[in-house]
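Some structures are shown below for you to check.
One chain, chain A, links the two complexes that follow: it is found with chain B in the first and with chain C in the second.
For the complex of A and B:
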């Protein structure tokens, strides 16, 4: 089986496709609307059948997705031998929700990419949108457009758009605010949270599944009550469980129905692990995430 | 949220949660008690087998629900009863310490430290200092929600 992207219910919406034979290959597509990180399907979800002896599973990955794969291999949740990785250098994917909101389009007939524009044809006319203006936030700060592991590279590697030192400018902008402003910001953002757990479900590294402590009764960390502290605690759970592991694929933020910038929380934790423990997640399959190990002669702590 | 102007009545109800490791800091606090060192009364102690048992969420949850401070104390690094528990804890707690203020929680409300079972004097000093800090920071604004 190969997991890739295919056209969804309209040409603007892409859906994951699971290719089971040669006849399915024509369903595969690749364009800036291929927004999903597919690696989660390898470790959770009933869609992936158990592998037969000696068989491999194919998966299409962009740069960010390949880092999720590395993180999963590091933690022995996947074995490299069981995978055949199609790596795709990616120039950035679109924030489809923002595109829909700002354009108000409906009845979409076809979508094509012409140079650096997206051309959407609906019943009346063709609309042109500059790709750059509708890129997702995660793509605007992308440092790894090229897959870090792959068996086959589909296109030529490209230059990253963001230098490593600029990757955390959103976090820095937030830190420039006062403590009280940050508190008010997160209170109003997280107050919108409906605890649908979409961010957790979309995250390829949130692998506790039925044992997630946000839902277990024993231990009972959270209740069904709807109030701000519970929402805060839920996002602390999600973020702290990803500290030093998150590869910043931005899926949590993309799937959030309430448009809460949840990836920003993980970005801060990654900035801390980078500065404090000199570690960047999802680059070296042999490395151990820093919070799963220790150093007796720690410097700077 | 003017913390410095907190009234005397509120300051009196300061609550600090302490997670102390069974082998060192809990013993240290006991030593301080046996030696009759005067200590602030704001601290509520939870005994844990090792600081390695302290999930960063143990710290986050009280702070989110309105505790005024959280203190974690264990064996000195390299003196852990379980050899390396506090070394794991050190990384986790340091990451958490740097993270709290990003979410709008004053990071002075959280402190971790190392106190051995014989260091009664040091324990008195740690608790007094931390308690003073929390009184200066004032009650947790999240408590009223």
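For the complex of A and C:
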């Protein structure tokens, strides 16, 4: 089986596709609307049948997705040998929700890429949107557009748009605000959370699934009460479970129906991990994530 | 649950600054509390009986005692509730003495804090479960790492007690630093004459297995059942055949090999036996200097060895040993005085370390026991000793006292005056530390009978003038600068942790302090134990020590091992991690972070992977619990629910 992207219920909405034979290959597409990180399907049971002996599973990955694979391989949740990785250097994917909100389009017939514009044809006319203006936040700060691990590279590698020193500019901008402002910001953002757990479900590294501590009564870390402290606690548990592991693929933020910038919390933890432990997640399959080791001589702490 | 609360007054220790009656009255309001009282000395016999009486009378299911630190009396009270029929883990202690009454005199605030601590203990107790320990058999063999005098003493005492001993020594011979000494203070016994018989004993004990030239490679397992890998380093001489005749040493043409036993005052042959009394008395090849290894020719030793013991193809060998306890006796190293630029930074041949001077004094040393200057071999007339070189000096990272230097310089000065009655000895010192039996008398003899001149003050500089050394320092008693011209300067180099101490500590999972000395479990009350069950300490690896103290600790460690082995099985501590298999997602992050190798994976019949804790290996540190995302792994007696219950009370 190969996991890739295909056209969804309209040409603007791309959906994961699972190719089971040669006849399915025509369903595969690649364009800036291929927004999903597919690697979660490899570890989150149900959708992927167990591998037959000696068979591999194919998967299409962008730069960010490939880092998720590295993290999963590091944690022995995936074996490199069981994968055939199609790596795709990626110039960035779009924030489809923002495009829909701003354009108010419906009845979409076709979508094409013309140069650096997206052309959307609906019942009435063709609408042109500059790609650059609708890139997702995660893509604007992308440092690894090229897959870090692959068996086949589909296009030529491209130059990263963000320098490493600019990687955490969103976090820095947030920290430039006063403590009170930040508290107000997060209170109002997280208060919108409806605890739908989409962020958790989309995260390829959140592997507890139905054992998630947010939904169990044992141990009693969280209740199901809908109030701000519970929402805060949920989001910080989610972030801390990803500390030193999160590869900043931004899926949690993309899928949030309430448009809460939840990846920003994880970015802060990654910034700390970088500064304190000199580690960036998901780059070297042989490396050990620093928070998954015991080293009494840990430098930096 | 029916909970009883006992608030101890500890005489006035607690009641002086805490209203214990009020704490008890308030406790009656907490959920599940059916009885609360304040008592003058809860740990006393009547105090314990009161607890037991109330358990029966009030049908209590759990007990909280608010008193001192659980490190003091938790075992006392656990036994008390057990005698009344409760499980010993249905007991909680609130520390309202060290954490409350002793640290503040504000009675109102203290009382409030004591109430909160009691409330937290009650809240936790409501989630307590009876816990039971299991028994594991003990392997009654003991590993001793390091065969200096402490390790030798421990080995002999264990061996005399009928235990099988595995003795590992890094160097080719046992004996350690003591074997390098000439005489010992305060009795001026010949060091090798008193150590020698003990070394010979080791070689003759049938139940002592000696691995010399060997190091511990890895340690796994737990108290009663350790598995140890020992690396026997290649000596290129088959020690089963070698008779120690020394023919090869005499004929070896490579004469420039370092001689660490003589502290590099002499050179050795590339094939060498470190000293005449060595145990085992076997030759070993230094491959960096052997012409066979460096130039590919020679082979003289192989040709002349009467028993064909030379084996140039020898490889390191890994030996596995299984033991029930480990005694660490890895000793110390000497401070490297070359960091003191003002003392010449190790560049002047006539400025030497204390241990080098021992070798000069020793009859088996490089000068046959005649005191000579290393530079020109002439007899010195003026000899200066400088105390505290690498001791009590925070600027070189050694703020501690090495404990032995004051005594060894006094001894060396006495011996110098004995050997060379016309010589002048000067000692620059900061303070004289001589608190042992007959020690101060000994130092006084050096000053009064042997005419050694003691000058109180630091030396600022040593520099050459002609072929002599000028020692410039202060006499702080007279308040003047002094300058002494000397033929020989002996630095009383201090004691530091042995090289590689940290590495070994990590293999053994014991802790060490900032200077690399191993940490005892309690500085006063558990000086021989480490915090890893079944691992004990002996000698200077735990901190600077002289010979009597090292020997005493060697015997003490042996006694601890004998006490441990007096039982056939040990009870495991049930306060360990436990996996809830229904919630474990098999991510096995717990295995990655466990410092003790106490977690393994297992596959259930449905093919799912789960973590499994080896209860007897687990030390209950809780790292796995902190790492486990679904919190499927819980530390018994400190579960998330118990901690959350306490937090909820505190934050309510």
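The rule we apply is simple: the second predicted complex is superposed on the first by the 295 of 301 C-alpha atoms of A that agree within 3 Å, B and C clash if a C-alpha of one lies under 4 Å from a C-alpha of the other, contacts with A are read in each partner's own complex, and residues count from 1 in each chain.
Keep in mind that, in the parts below, contacts are C-beta pairs under 8 Å (C-beta built on N, C-alpha and C of every residue); 3 or more make two chains touch, one makes a residue touch a chain.
The structure displayed is predicted, hence computed values, not measured ones.
S.K.: With the two structures overlaid on chain A, would chain B and chain C clash, or do they fit side by side?
M.R.: clash
S.K.: Looking at chain A, does chain C or chain B touch more of its residues?
M.R.: The partner that reaches more residues of chain A in the superposed model: B.
S.K.: For A:182 in the superposed arrangement: first (chain B), second (chain C), both or neither?
M.R.: In the superposition, A:182 contacts chain B only.
S.K.: After lining up the shared chain so the two structures overlap, which partner does A:268 touch, if you call chain B first and chain C second: first, second, both or neither?
M.R.: first
S.K.: One more residue to check, A:77. First (chain B), second (chain C), both or neither?
M.R.: Touch status of A:77: second partner only.
S.K.: Is A:296 touching the first partner chain B, the second partner chain C, both, or neither of them?
M.R.: In the superposition, A:296 contacts both chain B and chain C.
S.K.: Tell me which partner A:192 touches in the superposition: chain B (first), chain C (second), both or neither.
M.R.: Neither chain B nor chain C is touched by A:192.
S.K.: By the touch definition at the top of the document, which applies to A:221: first (chain B), second (chain C), both, or neither?
M.R.: A:221 sits against chain B and chain C alike.
S.K.: Answer with first, second, both or neither: which of chain B and chain C does A:232 touch in the superposed model?
M.R.: After superposition on chain A, A:232 lies in contact with chain B alone.
S.K.: In the superposed arrangement, does A:243 touch chain B (first), chain C (second), both or neither?
M.R.: Once the two structures are laid over each other on A, A:243 reaches chain B alone.
S.K.: Per the definitions at the top, what is the overlap between the chain A residues touching chain B and those touching chain C?
M.R.: 221, 291, 293-294, 296
S.K.: Across the complex, what residues on chain B touch chain A?
M.R.: Residue list for chain B touching chain A: 1, 56-57, 60-61, 64-66, 77-78, 84, 87-88, 90-92, 94-96, 98-99, 101-106, 141-142, 145.
S.K.: Residues of chain A touching chain C in their complex?
M.R.: Residues in contact with chain C: 75-77, 206-209, 211-213, 216, 218-221, 241, 288, 291-294, 296-297.
S.K.: For chain C, which residues count as touching chain A in their complex?
M.R.: Per the touch definition, chain C meets chain A at residues 502, 506, 580, 583-585, 587-589, 592-595, 623, 627, 629-632, 634, 639-641, 644.
S.K.: Name, in rising order, each residue of chain A that touches chain B in their complex.
M.R.: 171, 174-175, 179-180, 182-187, 221, 227-229, 232-233, 236-237, 239-240, 243-244, 265, 268-269, 272-273, 276-277, 290-291, 293-296, 298, 301
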